[in-house]
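Below are two complexes that have subunit A in common, paired first with subunit B and then with subunit C.
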Partner chain A sequence: MNRKLLMFLFIMLLLAGCYDRIELEQQSYVVAMGIDKTDRKGVYAFTYQIANPEVGSAAGQGGADEAPAEIVTVDGADILSATHTANSFVTKKITLDHTKVIVVSEELARDEDFIRVIQSASRSPQIRRGVQLVVSREDASDFINNNKPLMEQRPHKYYQFMLDRATQTGIIPEATLHRFFQITEGDADLFLAIYATTEQSDQTENKKTEDQYIAGEIPQIGGSPTQFMGSAVFKEGQMIDTFTGEETRFAQILDNTLEMETLFATIPDPLMPEYQIAYNYSQKEDPSINIQYHKEKPTTIDVQIPYQAEILAVPSLIKYSQNKEYQKVLRETLTKRLNEKTAELVRKSQEEYRSDPFYWSLYVRKYFKDVKDYEEADWHKKIYPNAKITVNYKMEKLEFGKMINDSNLDEVRD
Partner chain B sequence: MQNNGFLQTKEILAITLIVIGSKLADSTPALLAQKAQNGFWLIPVIAFVCIFPSFLIMLYLLNRYQHKNMIELIETITGKWIGKIIGLLLFLFTFLTLTLNSRNYVEQIKLLYFPESPTEIIYLIFFGIVFFGAKRGFEVIGYTSWVALPIIKLSAALVIILIMGNIVIQRVFPIFGSGLPIMLSEGVKSTAIFAELFFLLIAYQSAKKTQMFTKGVIIASIIAILEIVLFYFVYITVFDYNSIGKIAFPFHDIIQYIQFGEFFTNIETIFMIFWLFAAYIKFIIFIYITAWIFGEIFAIRNFEPLLLPFSFLVIMIGLLPINSISNELVLHDSLITIMSPFLIILPVLLWIIALVKGDLKR
Partner chain C sequence: MRLLSGQRKKNSSPSDKNISSSLSSNIQEMKQLFSYKLNKDFSMRTLNLKFNHKEACLFYYSSIVDGARINLNIIKPLLENDGDSVSNVVSIENIEEVSDFETANENINSGKVILFIEGDKMAYAMDVADFQHRAVSKSENETTIKGPLDAFTESMNTNISLIRKQLHNSQLINEGIQIGERSKNEVNLIYLKDLVNDDILENLRSRLKDIKTDSVRNVEMLEQYLEERPYSLLPTILYTEKPDKATSYIEEGFIVLLMDSSSACLIVPVTFWSFFHYPEDRYLRFFYGNFTRAIRLLSFYLTLMISATFVAIANFHSEMIPPDLLLAITASRERIPFPLIFEVLIMEIAFELIREAGLRIPNPLGPTIGIVGALILGQAAVEANIISPIIVIVVALSGLSSFALADLNINFTIRIMRFLFILAAGTFGMLALTGASLLFFMYTASIKSFGIPFFSPMSPHFISSEDTVFRKALKKELFRPEYLRPKDIRKKAKS
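Moving on to the complex of A and B:
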């Protein structure tokens, strides 16, 4: 009898496993989180975009009239304690497990306290290292409020698809919190965060080509007002500048730790410069980065980038595909242009930022026996700004797509 | 004692692999990375090189003195009273390792998966189950380990495969981390991270033939060291030298980070189950051998009733440290530093005494 009672009591104990039980219904899943500065030091405004799981799912009949997301803003000292304050007007427990992006206003990103508030994010087990860091030109709360996607209304899918696609094309970098901490704590190199805005800039110019914008400058008619383009450059945990989409792409080409799938771009037609030739840049193998470290004289960095190009459109209708001479000109122009653009970015990083956004410090490490030597050599201050850098593109393949020739203008118009 | 000597090489192998291999998924990496920075992944190798000869000497002695387990062996060689004192010391080490380790595991479960539950309750439930498992006897433990081994290792392999894309090999450099001298001294000091190998020797007589035990333990320890080095290499190449020391539970940080393609995100719970499974078996084995060592010292043949008071003691003492950080970085660290010289020197001393006494000439 006693034995049975004991057994029963022990089984009762297992019920304690229900301590952390919480129903799906009782939780509010935050998809995007915004952080802004306030007037007071150490207090930030946190914006939570809470997804409504009933919208867009086949099962949800009752929630047809509800909005796809609820957006709230509260002040607080850190991310987690602000969620509790927010519960004064949010009905359910705010859960950060499914957060996809953290949006930070440019004002806060340029503040030296930024690292403090973002550090508290990594302490919480709820926020994952895969969360993407987005810098918005306006306040983060405005960004989240203005962001009204027309097609993909479910916010979690919106951010997932939007960022995935834009990262694939290389106009924005992959900017996870993981990478942010690796680079910031590593105290070498620059970190690139995604740059976005919902406000059109006054500087909208139509003269630029497809990727020479930063967010807000792209002339756009229709669609969602949110533009993801370019990147915010962080040095030592503080934002210092922005990159255009083009610069972001080149930074990603040069960085072996980032992956970019395809890149569509145009160059002026070498034979008829008033037209643009569109091509698809792709890389089948990683660039080889060779660093020769010299203690006394400048370090030499030699980068070889093998690439492939596919010509997509030739509006000038010149027959490049069958004329060897023309092809040679085209090949040289392409490579030359890539070389020039990259050299320009490298020069800018050496002179203006005095550090590199390419994560190249990785390749110099093997010259040091231990961390102390490596830190004394000082990538930021001594090695990189003085290094001699050569970047060479090498074309491996030039394809012309499925058309052998374009229409012959003379025959069409005779 | 529910031990009929039916265990074979594979069960011994599984037991050893689970007890030692679990070091790849607890706070040991954080502990080692504090001083050695990105050189920490080589520390297990140094520690292993230090401890393995001593361990082999121990196995050799056990082989020469047939039909004895570790405590009996020590008593035979050094005499009854000195033997008992050494045995007691060994018991103390086992018990403290068990207690500090268990607190670490309970803290991991609490922090990462059950934030609202009180530590006491998790501890109680964890050790309640461990107690019932240990009560089944060493053979059942052995069979269970063997059955569980493939699935535990498979899930660990899956973690490696999924994190592969985030590895940046160059992060391993500078190769010696915070410097070769620091690494070597840390390696020697951390020898006791393999202390469990010695504790397991109490079960020397449990296998069908003692050769099977020897074979199982040696193969398992070699596999375990490779496994540990592989995982530590992954940690350092994923997290880099400045971050690795800051992360208390790198295994859990990695399983939170990985995903199955774009659709299956937040999959850490899958791996957590197998991790928990391994943790249960580890502590079942651990508490059983602790009670066993105690039983041998005080000549308690039927030591299994001791399991309950020991489980209770582990909970009570395990709850004492104020937080998991001080538990791991201060207490566990000092315990390892104290145990290391002891474990390296003891077998050599025993061997010399046995040689002088002339016992080995037979």
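Moving on to the complex of A and C:
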């Protein structure tokens, strides 16, 4: 009797188990996904870039001449149901577990229906919260199709390295899906998505310096045509503007929730303005953000940013390192320039966007008893646009690198 | 049933008799008892004693006694010397008076000479045993780099001498208990009288006396007669061939069991840690020893879990694999005709085959195992698209780490559990794997060896030297394990 019962239990276990078991080779792994508008309302074009496992793997024997990825586009109402439609010409089950980026065309991002289609991404456990949101100037399907990296041919590697490095330099923000929903549903602040394109813009002006571009404007010779630069500004789940790389960097400096590793930038040489001085901006501490909320009069926001600078290049060959006077001028110029640039960004956000891309609403929430109170105070409409904001940079350390003296031009050319 | 017991009674009835004062009837009795003439090595020697001018007779097994000693120390003095009693005539170190045939029988079987004298109701048993055995050799199965190399051999006296050599203590007791009905074998309990807990000792004695079987030839079989749960996967008695390991346990208050015919001993009671530890951990310096322990803990985990975890993740949780690895596995699996779990099982079984075959193969053929195992199963199977390369890595890792758990018993436990875990992982993924390992862990915690919980002194907590996963510096080990309730818990290291 006992033995029969055990047998029964064992067989039941085996039968009940395995129901969601799936072998690895029975799945197709989507690395990048694109969403575009179509002519019909409520129907979108979904593009899936599916990695070819046999490319770049020592074990794949016959895959040498196959493409590193298969790119398919289908129409559908939402991200998941479109995968089944795609199965009419994709051989295996389309799995979104390993998706690295979701590319959205600027046209769709600026549409008020964008929030409706992206919503389904948060519902499914298949799409990770860490997926990066990229806004492309052209159609997302064009972006994915045109993106032909020369070195990292396997797409997951390309996106991983490209986004990691660009985020470290601060020219694009960290734009996870999680953060998108967090900010959008928090009903305050602005969300910054990564801005990218594969099409060269007509306005490639050369007068701009290193980070004052948005994607597509950077004069480029050679390499992959895809440029990641700047960010797309989202207010209440809808794109309203773009930031240049420089603005994106300042937004990240002011935002304590975003990590930016290091920043190389230039300023005009204060003593010989025709040359540029290159410096490495770094922050050892987070900026202190101090908000005094006043119900009746404007809220004051006081931001102190301690920073360090390391001079990388002085093409004017002026001996800043040896001269205290020069150093003082350099310090003041640097801090002044940072202050001005930031003030400009803050002004723009207060007047144009009437909200902040710095996630500062976090620091005002402590003044409210509950969510209702906070919502009534209204960050977007009342608190932020009217706030008195002061941002002060404070240089903690100025370094000159490992070589103190530059070449003495008079001695070199005698 | 009655037939069986009747036979036994008839067979053993003659030896119940007492020794009579008539030499001839005694001789008659002995001859019948040992089938004299039929039994070629059973010897008898009659002689005239010089000291009291009486007839006498010696009985012994010529195969298990030292002939020269009998000649020199027994026969010669009896024939030539004067004296007032037997013990003053013969020059043998151990002489015992025997009054019945039962004892005489046992004595002859354990290698003694029995002397019957006309008109004497006592016989004299003199120890001249010389059982053949191997010399003390290097430990083969429990190798060490740092530490004594000698191993027990198949001789009780040698084995006890190996222990006494390390433990100079008058309290070290060597107590003999006879077990077996037809063949009386002696089990020797070795313990420190002023440390060992009397309840545990009494429990062990009564269990030994409760063994009702014809014969228990060696400690390997004794182990199975003694244990509480013969169907459990977990061992509850420690088996070792190293005298230094045995001695270290005696010093803590454990009991060691030895038998004449085994080149190993049993140690009771045990905990999980007894199987996990190894004497070398303590011979190595603090950090080195603990480093080995860390490696062993890792291999414990790897052996049990790595194949199962791989199956669970690959079949149910592919999102957990980093994309590069995922694509590599997928690429190699595209040409494999079997499900992943089947692949893993094929390789695990193949590994067990190599292991078993390698153990049984005659020495001169040994190298073939390497060629067949490594080449056929490793490379060729991958090239024939039967196995994907990652499976070879996973299984090799799990097989290799199983060797780091040197104790044979625990090694089997882990190796068998591994298959159960793989099956569990194959049915419900991580959920079942977690469940199965939890159940296994709970079961392990519930096991008791001679009343001692398996995970003590960690859980339940007891005072001890705190030598569990990692050990403390030797000077900081102040206590004996409290779970044994030893008579003296404090080691005298610090006064």
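FYI, the second predicted complex is superposed on the first by the 403 of 414 C-alpha atoms of A that agree within 3 Å, B and C clash if a C-alpha of one lies under 4 Å from a C-alpha of the other, contacts with A are read in each partner's own complex, and residues count from 1 in each chain.
Please note the rule applied: a contact is a pair of C-beta atoms (placed from the backbone, for glycine too) under 8 Å apart; a residue touches a chain by one contact, two chains touch by 3 or more.
These numbers were taken from a predicted model, which means no experiment stands behind them.
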item	value
Contacts of A:D97 with subunit B and subunit C, given as first, second, both or neither	both
Contacts of A:R331 with subunit B and subunit C, given as first, second, both or neither	neither
Touched partner set for A:L14, first subunit B, second subunit C, both or neither	both
First, second, both or neither for A:D187, with subunit B first and subunit C second	first
Touching partner for A:K382 - first (subunit B), second (subunit C), both, neither	neither
Partner chain in contact with A:R110 - subunit B first, subunit C second, else both or neither	neither
Partner chain in contact with A:K157 - subunit B first, subunit C second, else both or neither	second
On subunit A, positions contacted by subunit B and by subunit C	13-14, 16-17, 20, 97-98, 128, 160
Interface residues, subunit A side, partner subunit C - complex	13-14, 16-18, 20-25, 27, 29, 31, 51, 53-54, 56-61, 63, 95, 97-98, 126, 128, 154, 156-157, 160
Contact set on subunit B toward subunit A in their complex	37-39, 111-118, 121, 124-125, 128, 166, 168, 170-171, 173-180, 239-243, 246, 252-253, 256-257, 259, 262, 265-266
Residues of subunit A touching subunit B in the complex	10, 13-14, 16-17, 19-20, 97-98, 125, 128-130, 160, 164, 178, 181-182, 185-187, 257, 362-363, 365-366, 368-374
Interfacial residue positions of subunit C with respect to subunit A in the complex	314-316, 318-319, 323-324, 326-336, 339-340, 388-389, 426-429, 432
